[in-house]
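There are two complexes below, and they share subunit A, which is joined by subunit B in the first and by subunit C in the second.
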Partner chain A sequence: MSNTESRKEINSILIDIVEKALGSGIIGSVMVPSRGPENSFPWTLISDVSALERAEPLPPVMSVHGAKALASFTQSPSDGRLLAVMRPCEARAAVELSKLEQINLDNIILLTMDCPGAVPLSEYGEDGTIEPDLHHPDTLRPLCRQCIEFTSKGDLCLAIHGGLSMVVPLTTRGDELLDSLGMKAESDTSAWKEWASGLGQEREITRTESTDNLQKAYNGLQGLIEAFSGCISCRSCRTVCPICYCRLCFIDMKDRRSPASEYLERSRNSGATRLMSDTLLFHIGRMAHMSLSCVSCGMCEDACPSDIPIGRLVSMVSDNTTELFDYNAGSNSEDPLPLNTFRLEELHEYED
Partner chain B sequence: MKETAGTKHRSSSNSWSAEIMDDFEPRIIGFLCNWCSYAGADLAGTSRLKMSPNLVPIKVMCSSRVDPEMVTDAFLRGADGVLIAGCHPGDCHYDKGNYYARRRFAVLKKVVESLGLEAERLRLSWISASEGARFQQVVEEFTEKIRKLGPNPTGKETLL
Partner chain C sequence: MIENSVLISTSSTLDTMRRLLTQLLENREVDSVFALRETRQEGRYCYSLITDPSLVSEVLPFHPVMPVQGARALSNLTITEPFDRPVAALLRPCEIRAFVENVKQSQGSLENIFIISCTCPGVIPASRLLGEERDEVLRNPDENIRNACRACTEFIPGAQADMTVIIASDKPLDGAVIYLHSERAVETAEKFDSCTLEKGPPPTELTSELLEARGKALKELLRDIPAPGDGLRSLVSLFSACIGCRGCREACPLCSCVLCDYETARTAHSPELVRAEAKRKGSLRVPSGTLQFQLGRLMHISPICTSCGQCSDVCPVDIPVSDIFIRAANLVQESLNYFPGRDTDDTPPLATFVEKELLDITD
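Take a look at the complex of A and B:
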């Protein structure tokens, strides 16, 4: 189990860095998952070095999305310097949420790592022995298997592949932190970059295959009805989604509630009507609202009690919508949200 | 709404015989902006321009007021076509609402396309307050296009 070793290794290196930063006072507090009872990994905001004992910066599962945890308390700037240790997809969502004004990143440094992926929550089980293994995709969540953004996100990234074991700064903020920790190492990162592009290419193939299969299985109205027939309207996909930050979702708005007579009319028009109503409207509406910022983290799919491939579907749609504006969610904090800007001359093919 | 031909057609039979297809009257929902396109529709009316009665207009203050959810709702509840019409680019009463509307419309169309639904039932057009004739032309063109496409299958679905 070489990968077990490497997750353990990643954890111990990350804890060392965090300890150094916190102990020296360069960082005021750290947001990191900690080991809880029954193999749980809740996020914790740690301000005392002694509490790092239970820290598990890279848990085998994703329970609460890191960007969601960060957004829960950082809408206004934090007064002390904060280091958030998270996976690459969590750092990307944090950047999206900062653009959506849900996180203020001014005093926050994001530290990521070469992510091995995560085990599905449902398969992790009570014994908690399954380990995410990069080389065995069947141990990973479906969206982790096809993830192409598994490294080099945030302000710094812990590189452990390509013979490296060092923190690579990605922004000036990351650079400054490494400097003040005295950890700046000049090293050749070419083997690491080669590793990333190799795995990226493999993953692209998986991603294309997965999209093809999805399109075959769930294309068109009948396909969608089939895909969402098992939806129990629990809205868990929305609840765990880091991007779905609205306090009141369109589907829950009071003015959407119709009198019984309208449902009777719907029923008369087509012979019968589904209750709870508007299942497809919820999912398609959600895709129209958030797919541009989707980071393909797979939280929605992990949370779905009906095994709907919702994450892969949203991710597929997101590939197409972001392509319109050549946008990559969370990769560049300078790029404005596509719906917050426009060009005078564009998209004429959509006008009739 | 119950009296429109489209509804009658839906409740009349489960099979689409050629006779019934000929009978098909599209039901199109039109979100028209208050300042340009609704006024354009008004002008078409006061100018007594003859056009198909298939478009049900809904006045919105700006084309950018149209949330993709509203279009999706109409589409999934059996509207055979959905039109969003606003001021020409550069002429928006609110300066730039229609530019945002164009982006949102493109996103929605991509979503619908990606899922293999009939994106050609959605249309975005710019119609100014002085373009009564253009309003007539857009309604005629779109109605004909939808007539050829046939009824929106969502209208018959029970498990949406």
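Take a look at the complex of A and C:
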């Protein structure tokens, strides 16, 4: 990892920009991760420049998804302008959530960076020293290793590869911000773009390999049953997913409850029935709900206490559905959502 | 109550248990068996409802794992209606206690459930069984059990159990020893061949050393872990790494609300409020409400927490959730003079719960 690519360097550039924007009043507040106690990196909504002292815009781990944090206070348009510094997959989810009417992006500027990836929470927790390094995929979460959307998202992106160290505007909103900060620099971005397409190709290969392996390991419905056999129904995958925003999930609705006699019936059919018996319905239902909007961020997999490759599975399914609808989650805020309706009955035949 | 009748068998506990369950199913003494099995994936377990006697050979009675809290699974089965035919359920003491609390809150029914429990040696955190050191860990369960189990002094089942299988005991047993607590248990045992029925010492006599060790561990846990009464700062720090996955709540057998209070519009902080608060303080953690959720759950659950440790087990960032809950439960339950799961007839304190009553214990 070269010096300009180090997290420390990226963080100091990002903090400079934020400080400038907040200090000059061009923006009213900023949402960034900050360093908390016990190796934690909670998101913070900051309006006071002095509070930026603890800011760590690019933390080594992803504890809460940035779009989820953003959605917690932006359903109504914010009064002042807000700058949110987040990873590319977080910016994409923010765009998806705005289409789903969970975020109002009107007064929000999204600043991203060339993302090095994130360290798995379980490994970081040990001593808090592992650094995410895109040249060493084994430091990264499985979904980060195969991420192909690692740069150029949101309104602006901090480019640190291809010999650059500058903020590249991606939208008129981004353009305007750079203008007002007096940071607009003409520069040749071709080497940077080359870097991105090179890494993108490498990642595509990893992604294809990973999908092949998954399909081999968990083939068809029987395969899915196996994949989820260790699921303990903690539903953390759902809770941490930026796209799963329902207050009450379909699986928890009272009318989904079955009487004891029905469980016995199922048990008699095959001699035994696994409990909690709605595991598969939950996962297939969730995939059906959000596979079009999945941004492959890997939050679900990172939170899963049972080491189920849940993120890779959803992301694989998502690849297929988005291809079918020729849709790319979070890439373009103009593209309409391909599906607005979902019928639960569609899935009943998959229930075990 | 049958005083200390014991079924003694010279074959292993595993073998005896499986034969007993097969007999129960084959004689139609029960319709189904609720027990642990290994899934098709090694090292991963699940509860199953078994009706086919030939599948009993897959049952792992009291294997030291708790993939889901048994009460939660049983509540799922019986929440809309009770079993109309007997089912034999293999449950650990803390699972029974949690289920008794479920029943009190109309989240399930004990009707037709024949409970087979054990003197419980504890369970191993699921994460320790996922790695390569799995076999090693399973060979030394005592060194690897949950924190909550290490400090569990209620490892002998209460009055709801029909049978108690001696698993944990001070001295190793040769063969199986099963205490019979109900007429039905005695009837079942009388039909069971290759065993003898005797009178034994009370099960507490077989586990007095264990009780002492657990009591000591409990004291240490209570001494070392901060409680809400010790000031908010320590809790803020303990929960700082919380990722808000709510796994602790979903795994908890006692958190049975369809929609958690802290997911409702009533407790949600409005966008305007969050933004105003951030402006006022200069900086605010978002999403807000991490501690509100934890303190709220503490308030709701500490009176009825059965100290099973399931919440800690699922926490992906290793927050000692159950230690905190056990400490709070200890304080609260003692002051309310309420012991969750002891008796279905004890009125739960929350039946008459006024939120303000507990404020003095929360901060």
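By definition in this document, the second predicted complex is superposed on the first by the 333 of 352 C-alpha atoms of A that agree within 3 Å, B and C clash if a C-alpha of one lies under 4 Å from a C-alpha of the other, contacts with A are read in each partner's own complex, and residues count from 1 in each chain.
Just so we're on the same page, a contact is a pair of C-beta atoms (placed from the backbone, for glycine too) under 8 Å apart; a residue touches a chain by one contact, two chains touch by 3 or more.
What you are looking at is a predicted structure, and each value in this text was computed from that prediction instead of being measured.
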item	value
Superposition on subunit A - do subunit B and subunit C clash or fit	fit
Subunit B versus subunit C as contact partner of A:Pro305, first or second or both or neither	second
Subunit B versus subunit C as contact partner of A:Arg268, first or second or both or neither	both
Subunit B versus subunit C as contact partner of A:Gln215, first or second or both or neither	first
First (subunit B), second (subunit C), both or neither touched by A:Leu224	first
Subunit B versus subunit C as contact partner of A:Lys254, first or second or both or neither	second
Angle at the Cα centre of subunit A, taken between the Cα centres of subunit B and subunit C once the superposition is applied, in steps of 10 degrees	70
Touch count on subunit A, higher of subunit B and subunit C	C
First, second, both or neither for A:His289, with subunit B first and subunit C second	first
Which of subunit B and subunit C A:Thr321 touches, first, second, both or neither	first
Subunit B and subunit C, minimum CA distance [Å, superposed model]	8
Touching both subunit B and subunit C, residues of subunit A	229, 266, 268, 271-274, 277
Interface residues, subunit A side, partner subunit C - complex	29, 31, 34, 36-40, 42-48, 50-51, 63-64, 68-70, 72-76, 78-79, 121-122, 125, 226, 229-230, 232-236, 239-240, 247-248, 252-254, 257-261, 263-264, 266-268, 271-277, 302-307
Subunit C - residues contacting subunit A, complex	31-32, 34, 37, 39-41, 43-44, 46-52, 54-55, 58, 67-68, 72-73, 76-85, 126-127, 130, 236-238, 240-241, 243-247, 250-251, 258-259, 263-265, 269, 271-272, 274-275, 278-279, 282-288, 290, 313-318
Subunit B to subunit A touching residues, read off their complex	2, 7, 10-11, 67-69, 72-73, 76-78, 89-90, 96, 99-100, 102-117, 123-126, 138, 142, 153-160
List of subunit A residues in touch with subunit B within their complex	215, 218-221, 223-225, 229, 250, 265-266, 268-274, 277-281, 284-285, 287-289, 291-292, 313, 316-317, 320-321, 323-325, 338-339, 342-344, 346-347, 350-352
